[in-house]
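Chain nomenclature is as follows: A, B, C, D and E, assigned in order of appearance, with residue numbering initiated at 1 for each chain independently.
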Amino acid sequence: MKKYLFYPGCSMESSAHAYAESLSQINDVMDMDLVEIDDWNCCGATEYLGISLVPAYALIGRNLALASKQANGSKTVVASCSACYLNLAKADHYMAERPILGDKVNEALAEGGLNYTPGSLSIRHLLDIMVYDIGLDHIKSKVVKPLTGLRVAPYLGCMVPRPDYYKNWSDHEHPTELDDLLRALGAEVIDFPLKTHCCGGHMTQISPDTAFEMIGRLLTSADTFKADVIATVCPMCQLNLDAYQADAIKYMHAQGRDIQSRFPILFFTQLMGVAFGKDPKTLGFGREFVKATEAMSRIGVETPAEDVQAKPKRKKTTGLPMPVMPGRSGEEE
Amino acid sequence: MTTEKSENKERIGVYVCHCGSNIAGIVDVQDVAEWAGRDLAERGVVVSRDYKFMCSSLGQELIEKDIQEEGLTRVVVAACSPHLHEATFRTACSRAGLNPYLCELVSIREQVSWVHTDKEAATEKSKAVLSGGVERVIHHEPLEPLHVPIHPATLVVGGGISGIQAALEIADAGFPVYMVEREPSIGGHMAQFDKTFPTLDCSACILTPKMVSVGNHPNINLFTWSEVEKVDGYVGNFTVTIRKKARYIKTELCTGCGICQEKCPKKLIDDVYEAGLGYRKAVYTPFPQAVPKYPVIDRENCTFFQKGTCKVCQKFCPTDAIDFEQEDELITVQVGNIILATGFDLFDPRKVSQYGYGRLANVFSSLEFERLTNAAGPTNGNIVLRDGVTTPRAVGIIHCVGSRDRNFNNYCSVICCMQSLKFAHLVHERTGATVYNFYIDMRTAYKEYDEFYQRILEEGTLFVRGKVAEVTGAARSPGEEGRLIIQVEDTLAGKQRRIPVDMVILSAALQPRYDAKEVAHKFGISCSANGWYIEKHPKLDPVATMTEGIFIAGCVQGPKDIPTSVSQGAAAAARILGRIQQKEIALEPVRASVDQDKCSGCRICNSMCPFNAIIFHEDRMVTEVNPALCQGCGTCIAACPAGAISGTGFSDQQILAQIEGLLMVNFEHARVAELG
Amino acid sequence: MKAQPVNPNDPNPNLRFLEEVSAKTAGVSRLEMCIQCGTCGGSCPSAEDMDHTPRGLFALIRAGMREEALRSNTPWVCVSCYHCVVRCPQDVHITDVMYTLKSMAIQSGLYSDSPSHKINKAAAGFSSTFIGNVNEYGRSWEVGLATVHALKHFPLRAPSMAPMALGLWAKSRLNITPKRIKGIDQLKAIIAKANTLEVS
Amino acid sequence: MTENFEPVIIGFTCNWCSYRAADLAGTARIKYPPNVRLIRMMCSGRLDPSFVMKAFSEGADGVLITGCHPGECHYLEQNYKALRRFLLMRRTLAQFGIEPGRVKLVWASAAEGVRLANEISKIVEEVRALGPLNWPKWKDNGVHKIALHELEEV
Amino acid sequence: MSANGKPKFAMYWAASCGGCEIAVLNIGEKILDFDANFEVVFWPVAMDAKYKDVEAMPDQSILLTLWNGGIRNKENEEIAHLLRRKSQILVAFGSCATEGCIPGLANFSSTEEIFHAAYDSISSENPEKLRPQYRTQMPEGEISIPEFYPTLRTLDQVVKVDYYMPGCPPESHQIASVIDLVIQVLQGKATLPPAGSVIGAGISTVCDDCPRQRNVKLVKKFTRIQALQNPDPTLCLLEQGVPCNGPATRQGCGALCPQAGAQCIGCYGPAEGVIDYGARLISAFASVIDSTDPDEIEAILDGIPDPAGQFYRFNLAGSLLRAGMKSWSR
């Protein structure tokens, strides 16, 4: 059993439930023990960095400090979300590269009784662990239901293979790790040329057309290659390609660019779960906007069309505290 | 037993150089000189002067005059690096009748004024450095240089244009040359080209006659399909072991008729001469004009060697020249000097994965394109796509692939701009296709080069200033479908552009040979951080190396075009010819020797010498150093537990005295008051 | 290695802008090393929507054209894809420079005083909402984020966001209540301290 | 005292690599602190531990030994001998109370002027942080003048 | 010349064990020649004498003084100056006087540590934790004992020395031959070696006298001699991985220890002209290590657990650094 510190990130608890569920199902098959960092906080995504410097890094730094305190033999922190992975790596890297930043972050952390020595943890993405620690041979040996006949577009997005401070990946543009893993599951992997191109990130919230153009490009390419599904390693990519797929296709259509198919966007861990013979019901299927039912049934896997988990109980919906905007005090609370 | 400072009876002259403002701008040279004259008087300094340019003839005369008039017995010059002017000042001493090795040059330019900014600290450090030199020079001994005869033969490693030029110059002057070439034929990269810029003359037409001269020259002994295995000895007298790889051809019988190649059933991709774009057989001469004309059997790919049966070539050979029993031969030759002209490798453009080389069929490397345009190449000079038939309608040529890029090589590969212009011309002339050149900066600095650029502009080639971001097959619009799209910022327009083309040519960087470091080590020379061989002086001695007797020429020293490679080959030859004419060379007398009375024969030093200069006499149980083989590194001196080994030039006394001298001057605030 | 500052004795204030941007960037920005090759502008997936390509923006910074640079929408359209960063032949930390320019644009107020203010404001607003959330709970909270943000910047689109949010909620992909970390006070103390330590 | 402390470092260089790197640093005008004073030897293999001890006993606060990179020795393999001697010497000096940070061995090829300058800056700062070594000037017999009752007070 | 015409002889011990005295007495019948040729005027171990008697002698009146022991306290120093004044030839006799020897190893410790070892450790019966006082008030007035110095010095670090005679102790046959030499000089049959020479020893090292077989050395492991599985009695000990100090140690003993199956520990000090004995051994031992990998080298060096002790057992006070930081830093 390989032991790792695990940084799930905010999305795993909400929009990427399916990622979390499928991961929890395959943990034991993968022989890995992911120990969640106690009381971790948000990494700030790409937002905090654009507002401030030291606070943004202190925010990330708290997670690193907590992790190194908890490290207990395992020096590796695993993140499942691209942005989280990058931010943790970035803080570790820049705190060392620019000691003045490192010192200031530590000065801030000291306020909370914490400290982090850059370089003392190794920050890795879940896919990296699967391919290089667990190994493709092990994965292959656990496949009971090969994904034979399923055409999968491997999609990594930006922040896993780039900027790659620790040189963990085979390439920045066309890395093959996800391809190899999916192939090990028996899937037919297409040579997806845009596998590391952008999903639009937060632009869905800022300049939707910019985002739809980028999502549209990805879908066009997947369409050209006649993919059945797109496999992702990142909650943000999944959300953008899935929830905004209809909008993006509409946008492309208005530009006179047609996209024939619709693509279920699945986490690679969901596909692993299927290949390992886990019950699709436990793998978060049904939570996707573009249903995987048809694509999966083509390889004889029945997945639920709707979310089968119990609907969350609606707690009292009144009197929700509003987030505090910068420059205003939080007296509403 | 105590290390009291030795009594000094020497009369020392100290000379502090201004080097114009190079030193004097930071170091208060006058203060340094006055200080030495005053404070180092008790150490024997009787004259101390500063002067504008010590290396000028007036500066040297100053020293000579003082030696004669003041009876100086030691001279210390504080100026530039000893690597620059040690010889100058030694010669001056010699002229004045003082043994040249009683002069010490200390560096206050490279090691002080050029690297420090604080004037006070620089002046103080200069004093320390000078004082180190004064203490050291007291312990100098008069020495005589070692005179070594120069063997008249020369080894040239590498049979490209640079090596060919060098070999012919020396051979024509009447001295023997051994040329060693790794491939089956000489010719190098130049033999792969069709045209040469800017004159566009045919590469083969100008190269082949030279290759033939090498092959026929009575003074040149040519070893192709061979590599240097080992180099022993030193300048004037190197012993070189050459591995002549088995050709499996009896060259004395072979007529070079080519029937074996025709009949050989094993066809494979030729990665070397055809740059992967064409095929060859398992028995082959790389190209028709090859020198020598004899083929080689490539053992790795020969069906007989791999499977045990075939021998088709043997059956058809009209002169019975095939010999499967041949073995590698080791040949030893004596030479006085060596020229390394081993050239370059082409950068592997697959590393720039955004350009799609290896993934997208119609992305070509520059060397592939050279073969594509070559009349003797795989397409007979037709410029076509990878399918072998389609003529491109639009071609994009990308500059700086793997050059000027910190991700790969941070240097400029020099030839790519001109090469890309040549490609543009060839595409235009032979296909009429639209040609785009994507460049960061156009570098056409040489005679007739910019004129060539003008000509290509006139021909209608389109120039886009911008480093290409990516080459992709992922179309965004119907107009892009089925084509290669070059995505780039047109930096002059300030806009991102997507330009559809049919063919992309990558002007890839020139890189040091994959085994450059290993070869450098074999010959005892150094590589720069990039892997190019380091010349003795970048401006004034560009073909010599820091190792006496080893010269470099052509791209092994850094990327360069054909004219410069030829010039360097000739320059290296000229340097060597001068030495051969002199018949001997004077070497630094830095050598180790063993005090036979003190040596206990413990044999600890016996494993210290990589040059086998240390000999142990079993009968007398003592060790001895052979001065002819000793290179003067001093490792055995430091190893001897009995202190029985000593070394000239860098003796214990000299170094210990220098340490003392260096530490006599201290930053005033640095020292805590004496205890007690 | 960090480049040396341009002649500090020259009173021309334009010379100082590049240094300021560099100093405020995480890591060593290497912005001084830009050779204007355009690899960044060519690589950018959202270049079409930018008023200056990243290369163009760097030229403005080098020219000391502070106001024009800080008014640009380029940093706000940057999607942090890092294509330019890994391809840059000079290893300039382009994405991080974009973050710096955003925070400088907010601080100077220039971000909203520009022809492209709409996108700049939307982006800045989104970030503010996001970090407000994080500062309060220690986690990001997608419902609060999306609602507040949409109402503020896309009031016309907001109704169409509702079915999306509903869809997410129905698929258990949205938390209606925010989660608060245990160490929120610790985090607040850290952030408060950090705010006093900004690199200048 | 320590605030103004300027350490003195003796640097031993190899004629073929690090001394040339120092020349190169000069030619390229790369700046480094003036606290280092270099001695040229033919090879790092020439380095005798007594040179290092001599330097400390004469007042050096640190010693920087430089040579060609492993595998790149001008004399083929002598830098490995320097490495072995350095490692044993450092252990011995530690028993004398000389911190390992005061004696460093670094590799710098003839092309690495920048690297050498960086290494010099590094050791100067490290030794500055360690403070002055103040090895006694034995020649002056200073230490022996300490009266014992002074010692007893401590 | 004294009343009976014989030249005067003195021998003094400072910080030493007395072994040198035994060695002198151990020269056998030669002692009779000695007695015939010299008048012993001062030899605290062998006869009663007072410092004031020596002080009363005219300067330079003693022909030969053999001094053994290091300078550890004020008394040692004062007597060294006194005897220097009174003697024509002052010989640093034995390892302590020439290079510090075992007492010099205390230079790795602070004064407090030395006192602790002397007065508080398990070997001392001192329940009241008494420490000597340098000055004590007595009814008769103040009395004092010599002050203890923080480091031990060799004789030549205090006064000028004419000859050095190494060894712990010097071998009796070497002493005998030196005495022979001096007698011959007195008889005008020989001349004295140049001042500052080492006498009673060779210029090479122990290996010169060692009969063991020697080859090119490559060491993969250092080990204590006790740990050797099958020690080869004919092969060089260093080649068997035993850190034998013979290669660096001055010749003179006749390689007694290696012949007896034990490694040389270096009591004869450095060979002719060597300025730091330990540095020679560091360099020599490291040179023959058969590895180029830093980690492996470190592992091999672990076989020499106490390098300073190994290399400076006898030579610490006479070395370049002379003393560890603990002894002198305040």
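Just so we're on the same page, a residue touches a chain if its C-beta (ideal position, glycine included) is under 8 Å from a C-beta of that chain, and two chains touch if they have at least 3 such contacts.
Keep in mind that what you see is a predicted model, and the values were worked out from it rather than measured.
Counted as hops between touching chains, the shortest connection from chain A to chain E is 2. Chains that touch both chain A and chain C are the following: B. Chains A-C form the pair joined by the most contacting C-beta pairs. Relative to the C-alpha centre of chain D, the farthest chain centre belongs to A. Chain centres were defined as the mean of their Cα atoms; on that basis the chain farthest from chain C turns out to be E. Distance between chain B and chain D, defined via averaged C-alpha coordinates, is recorded as 31 Å. Annotation: 47 Å between the Cα-based centres of chain C and chain D. In this assembly, the C-alpha centroid of chain A lies 50 Å from the C-alpha centroid of chain D.
Note: centroid distance chain C to chain E, computed from Cα atoms, is 75 Å.
Shared interface positions of chain B, i.e. residues touching 2 or more other chains, are given as 354, 470, 608, 635, 638-639, 652, 656, 675.
For chain C, the set of residues that touch two or more other chains comprises 48, 83, 86-87. Residue positions of chain D touching 2 or more other chains, listed in rising order: 48, 50, 54, 77, 81, 85, 134, 136, 143-144, 146. Pairwise chain contacts present here: A-B, A-C, B-C, B-D, B-E, D-E [touch as defined].
Contact residues on chain A toward chain C in their complex (touch as defined above): 10, 13-18, 39-42, 44-55, 57-59, 61-62, 90, 93-94, 97-98, 100-101, 104-105, 107-114, 158-159, 162-164, 172-173, 196-198, 200-203, 205-208, 210, 213-214, 217, 243, 286-289, 307, 309, 311-312, 314-315, 317, 320-326, 330.
Against chain B, in their complex, chain C makes its touches with residues 35-44, 47-48, 52-53, 55-56, 83-84, 86-87, 89-91. Remark: chain B residues 1-3, 597-608, 616, 621, 635, 638-644, 652, 656, 675 touch chain E in the complex.
Chain contact summary for the complex, chain C toward chain A: residues 24-28, 45-46, 48-49, 75-77, 79-83, 85-87, 95-96, 98-100, 102-103, 106, 119, 122-124, 126-142, 144-146, 148-150, 153, 157, 164, 167-179, 181-183, 186-187, 189-195, 197-199. Residues 4, 81-83, 107, 109-112, 114-118, 121-122, 124-125, 128-129, 132, 517, 520-521, 524, 526-530, 534, 546-547, 590, 608, 610-611, 631-635, 637-639, 647, 649-650, 652, 655-656, 658-660, 662-663, 666-667, 669-672, 674-676 of chain B are the ones touching chain D in the complex.
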